[in-house]
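Look at the two complexes coming up: subunit A is in both, with subunit B in one and subunit C in the other.
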Partner chain A sequence: MNIIKKFALVAGMGALLSSAAYADGLQGKVIGFSQIGSESGWRAAETSVTKAEAAELGIDLKFADAQQKQENQIKAIRGFIAQGVDAILIAPVVATGWDEVLTEAKEANIPVVLLDRGVDAPEDLYLTSVASDQVKEGAVAGQWLISTVGDKPCKVVEIEGTVGSSPAINRKKGFDEAVAAVPTITIVRSQTGEFTRSKGKEVMEGFIKAENGGKDICAVYAHNDDMAVGAIQAIKDAGLKPGTDILVVSIDSVPDIFSAMVAGEANASVELTPNMAGPAFAALDAYLNNGTIPPKFIITESKLYTPADDPQGEYDRRKGLGY
Partner chain B sequence: MNRALRPLVATTAIFILAYMAAILQFPNMLSTRVIGNLLTDNAFLGIAAVGMTFVIISGGIDLSVGAVIGFTTVLNAILIMWVGLHPFAAFAISLIIAAAFGAVMGAAIHYLKVPAFIVTLAGMFLARGGASVLSPDSIGIKHDLYTSISKSYILLPGGGRLTIIAMIMLAVFAAGIILAHRTRFGSYVYALGGNETSAALMGVPVARTTILIYTLSSTLAGLAGIVFSLYTSAGYSLSALGVELDAIAAVVIGGTLLTGGYGFVAGTFIGVMLQGLVQTYIVFDGTLSSWWTKIVIGALLFMFILLQRLVFSASTPTRNVFWKT
Partner chain C sequence: MKRLNWKGALLRPQFAALAAVLFINWLLFPGFFDITWQDGRLFGSVIDVLNRGAPVAILAIGMTAVIATKGVDLSVGAVMAIAGAVAAVMVTSGSPAIVAVAAALAVGLLCGLWNGVLVTYLEIQPIIATLVLMVAGRGLAQLVTEGSIVTFSDPVLIFIGTGAFLGMPMPVVIAVCLMLLATLAVRRTALGLLIEAVGVNRSAARFAGISSGVLLLVVYTFCGFCAATAGLIVAGDIRGADANNAGLWLELDAILAVVIGGTSLLGGRFSIPMSVVGALIIQAMNTGILISGFSPEFNLVVKSGVIILILVLQSPLVSQWVSARTTALPVRGPKRKPL
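Our next item is the complex of A and B:
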């Protein structure tokens, strides 16, 4: 994920997000999508959102699930080229080993868009890449906390993702840098919850014991929603009210965090959108129909959701996506 | 027609029928590009499957193939990128290590009288674990030789490409066919698979042949690893997971008897191509789940096991009587 740094240089792509600007531009186009697999709920949601977006735009989407194997992805891409598709989307399983097949696509004049992960290949081999900015996700969560607590002193505990993983490093960096600007907000404890619900609960239990039965904790920041849901359980077990006594902010926006918001137990979640295909299709539309070259790195919006944003509606909208 | 050739004829007929059915639905499937892709994309599987054919004809099994491929890709990447060796030196070292690995497994199978299943299972864990210890991350290989190999191919009429790795696979199949059917080693392998005791009584050097069979299989797996690293220009410890099972499937679909003593290297080629064809069809269709590949391969395997039963019970004159009068 070293390209994340480059993402920071790129301006928001708000204009590209509205596909209405290019009415039925991709109608009838054949687009191949080589997906990694369905290893996580988010991945499954990305697949179903991509299929839905394609159906809406009238795209004939050729979908290939690689079952976590690069060789299957390369085979699928070669198959797409042989078929003569109009464009190819790839969510690459590893960063290396794409030069040859991407060159083949380039020679066949088929534009390639990378989704949500980058590759170690020359930039001219693909049209653009669509991904989220993990540092920004953490920063948005930090900004929300700053605007919520104002100048009151606030002790924050942080539940980190898997040690060494890029989302854990970047989401910590973004949040820590944001709150460092406000001297009244201090991160008192930080520990890994390995992105799982059970570990998140365990870590929060430890924090509560260490911080005067939880009375000294003002807010908890979890690197993903699953750990936040675990933390909410731990707060309830300690006899405190999550969302009121201890503020809960996390990242991902999975359906469960919205049901927690409906119950008043979670305060904010920054979305890692599964809709990587929307901006990709918009960029392809502009490229195929008008010849517009999109920026090399398109960053998806890191939208903040709070209980004011119709959490019940958001829950209903997401629950069928496969999370 | 020779009864023994029936499974081979059946596989070939199924392949041609399946290909024709696919062309009727997607005319683009009949292009040299698709044929070139079938050969290139399945080159590593084909090379490993040649070794597997010898192992299975001899009545054994080699589960370490996929792991040896993964190990070789990582070893190659490390030798070229970190140690700075020329790729050809790295290839030689990789092949020697793979060959030695196979020889040790063959010796363990013969002298310790341990089933091949167990020994090669241990080999699989060792090789996969070793690869992950060397480097858990994928290492990109950047070398002029790699670039020039991936850029050199014979352009077929219609835009298809006969790549170097596809040619390596075809050469390995040709050599495998000669080795199996035209050499003394080949007839020893068949004899061993037919019946080890009678083979020994007939003067087949059982120890040497067993060790050579597993050495051959591992060396070819090492070669498949080199081809895989050329294919992806990278070394990754988790690459080629489960390829041993695809290779076994290709061998059985190609008409080789799982109990040994009977089979064809050429059939394995059709078995590999048939698997590639199913995958290509699914990509062309674009709506089917890619897990249908597994279901189709499973159904084909089952069909061939049944077919072999029928052919072989028909060739041995045993009378099936339900009651005696």
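Our next item is the complex of A and C:
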């Protein structure tokens, strides 16, 4: 109740202040962005969306690519502090070891916003964190399946992400809990496809053999779109029609899943938005110009895309983002 | 040339291990050996084992030759990624598939040659020399693909990864051909003997008149070629070049396959077909885990348990113990001398 009130208050203040805030905006502000590196297509898209958002708002964005190393990120952040930037965005590569450098930023009065991953550091060391709710992503996928199959019996196979990774754990939790409410939907098999296309394909091949040549499988849920794309190929190789014989639902909404939707081979994808910077810039705008303290955790929307949502248009929109 | 002793060959622990793994798979999933005919090709779990095992088997063929010279090539996974990236980028930018495949294989040869030069002429230890390309190679592949997965619809490349010849998946056909050619090349000529000589003692081999430098160059270049072939297969399989993940950690599977196949990391005696059997054991285990329905947290535990078991069965201690117990059977290899 309390939290909801706070949220409502912040949202209301944001709405009231937005016209005033955007008058000053972030025009001419210098913001440092320490990105992890280019570990995946989604990460590349996040970088290009951040740069585009910054350009639109007239922000002087200092971009630092850490090549998947925390020490590079810490160096970059110290560099930003030395330059006296107005704010810092960090997509932290690991959760631990940030206390010292975040304290330095705090002492220099530079607000820090965390993007898409959290850190194990006292909450007063950063302004806010913008991230998706991975459990909710899984739940949205589960809800889609429930509303699609109705009360027909449905055997689901699940292709998990890398064992032990937080998206794999949370996306499994969200989906499994959602479909557990419907007794006719059962998850018959679950294996890791390590978030890659080739492993997704291999795992699906195994599932198809083990479930009566795939005839018993009603749907496949993959923790990311790449594994779903691999699974679609395995389904086709087995002489079945993906999207019709076996429903395909996955998470991320990368361009290739939209081309699969155009071909009628994928049914639904929950978006992990690469636009983490948009809400971050809005929070910084309100904070720097009006002193508004944003909520500690800003959750991005987990939007569901189906073939009804103009997949060709979505594909064209995302293609240039570097996915 | 010595006649192949089929009975003796089939009694090797590797075949027993493969049979055991397949048998366990059958216990876990009774339809394991079912094979059907689907869309002009064979379809079944055993075919999956062969098909999915083919890339590692191909890597293992090249790796066997390198390990026999007392070397190791850690860069094969990265070379796979580079080859796939080159082929994918070339066909998507309009080159004919044949040119793209030739270019990818040529890049693989070059990568192998690079390793060979580092090992032979700069005399850098193989594990370090190939580590350079293992780390940098994936970066090169990402540069080629600009960090994204380059998808293609070229029928020739897709055929290499997913096509079928006489009902057999193309990767299996390619792996078998490579295995036969490589085995013939090393066993019907003096090449195998020369490789073993260099592996046992490079200086002695050189004094005996073997140009060990050239031989090492050839071996590493061949390993690069094998890696590029495997890279084309995995790219064709998913219809795209995934520079981040293609071939990731497969160098370790390839080395493991060679070791399971009985080739010593200290160089010398080697067997290419047995390395391929080693690759099949690894894949039979992977496929078994997939269809068994175990929770994925157990994958690596089960795998390591089985591998330890296989290696223990092959260890000199156990084989001596077995020979001591089975005096009725003809004993191969040196008997333990009485103390």
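We adopt the following convention: the second predicted complex is superposed on the first by the 299 of 323 C-alpha atoms of A that agree within 3 Å, B and C clash if a C-alpha of one lies under 4 Å from a C-alpha of the other, contacts with A are read in each partner's own complex, and residues count from 1 in each chain.
Note that in this section contacts are C-beta pairs under 8 Å (C-beta built on N, C-alpha and C of every residue); 3 or more make two chains touch, one makes a residue touch a chain.
Predicted model only: the values in this text are computed from it and were never measured.
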Clash or fit: subunit B against subunit C, after overlaying the two structures on subunit A? fit
A:D99 in the overlay: touching subunit B, subunit C, both, or neither? Say first, second, both or neither. first
Which of the two partners, first being subunit B and second being subunit C, lies in contact with A:T184: first, second, both, or neither? neither
Between subunit B (first) and subunit C (second), which, if any, makes contact with A:S165: first, second, both or neither? neither
Taking the superposition on A as described, I'd like to know which of subunit B and subunit C A:T306 touches: first, second, both or neither. neither
Just to be sure I read the superposition right, which of the two partners does A:A76 touch: subunit B = first, subunit C = second, or both, or neither? first
So in the superposed three-chain picture, is A:D226 touching just subunit B, just subunit C, both, or none of them (first/second/both/neither)? second
Would you sort A:S48 into first (subunit B), second (subunit C), both or neither based on which partner it touches? neither
Looking at A:S198, would you say it contacts subunit B, subunit C, both, or neither? Reply first, second, both or neither. second
Which holds for A:T148: it touches subunit B only (first), subunit C only (second), both, or neither? neither
Minimum Cα separation, subunit C to subunit B, after superposition on A (Å): 6
Where subunit A meets both subunit C and subunit B, residue numbers: none
In the complex, go through subunit B and note every residue touching subunit A. 26, 28, 31, 33-34, 37, 40-41, 44, 138-140, 147, 150, 228, 231-234, 236, 239-241, 276, 279-280, 282-287, 289-291
Contact footprint of subunit C on subunit A as seen in their complex: 38-41, 44, 160, 163-164, 189-192, 194-198, 201-203, 205-207, 209-210, 213, 226, 229-230, 233, 237-239, 256, 322-323
Okay, in this complex, where on subunit A does subunit B touch? 32, 60-72, 74-76, 78-84, 94-97, 99-100, 103, 120
Residue positions on subunit C within touch of subunit A in the complex are 29, 31, 36, 38-39, 43-45, 48, 52, 142, 146-149, 151, 162, 234, 237-240, 242, 244-246, 248, 286-287, 289-291, 293, 295-297, 299
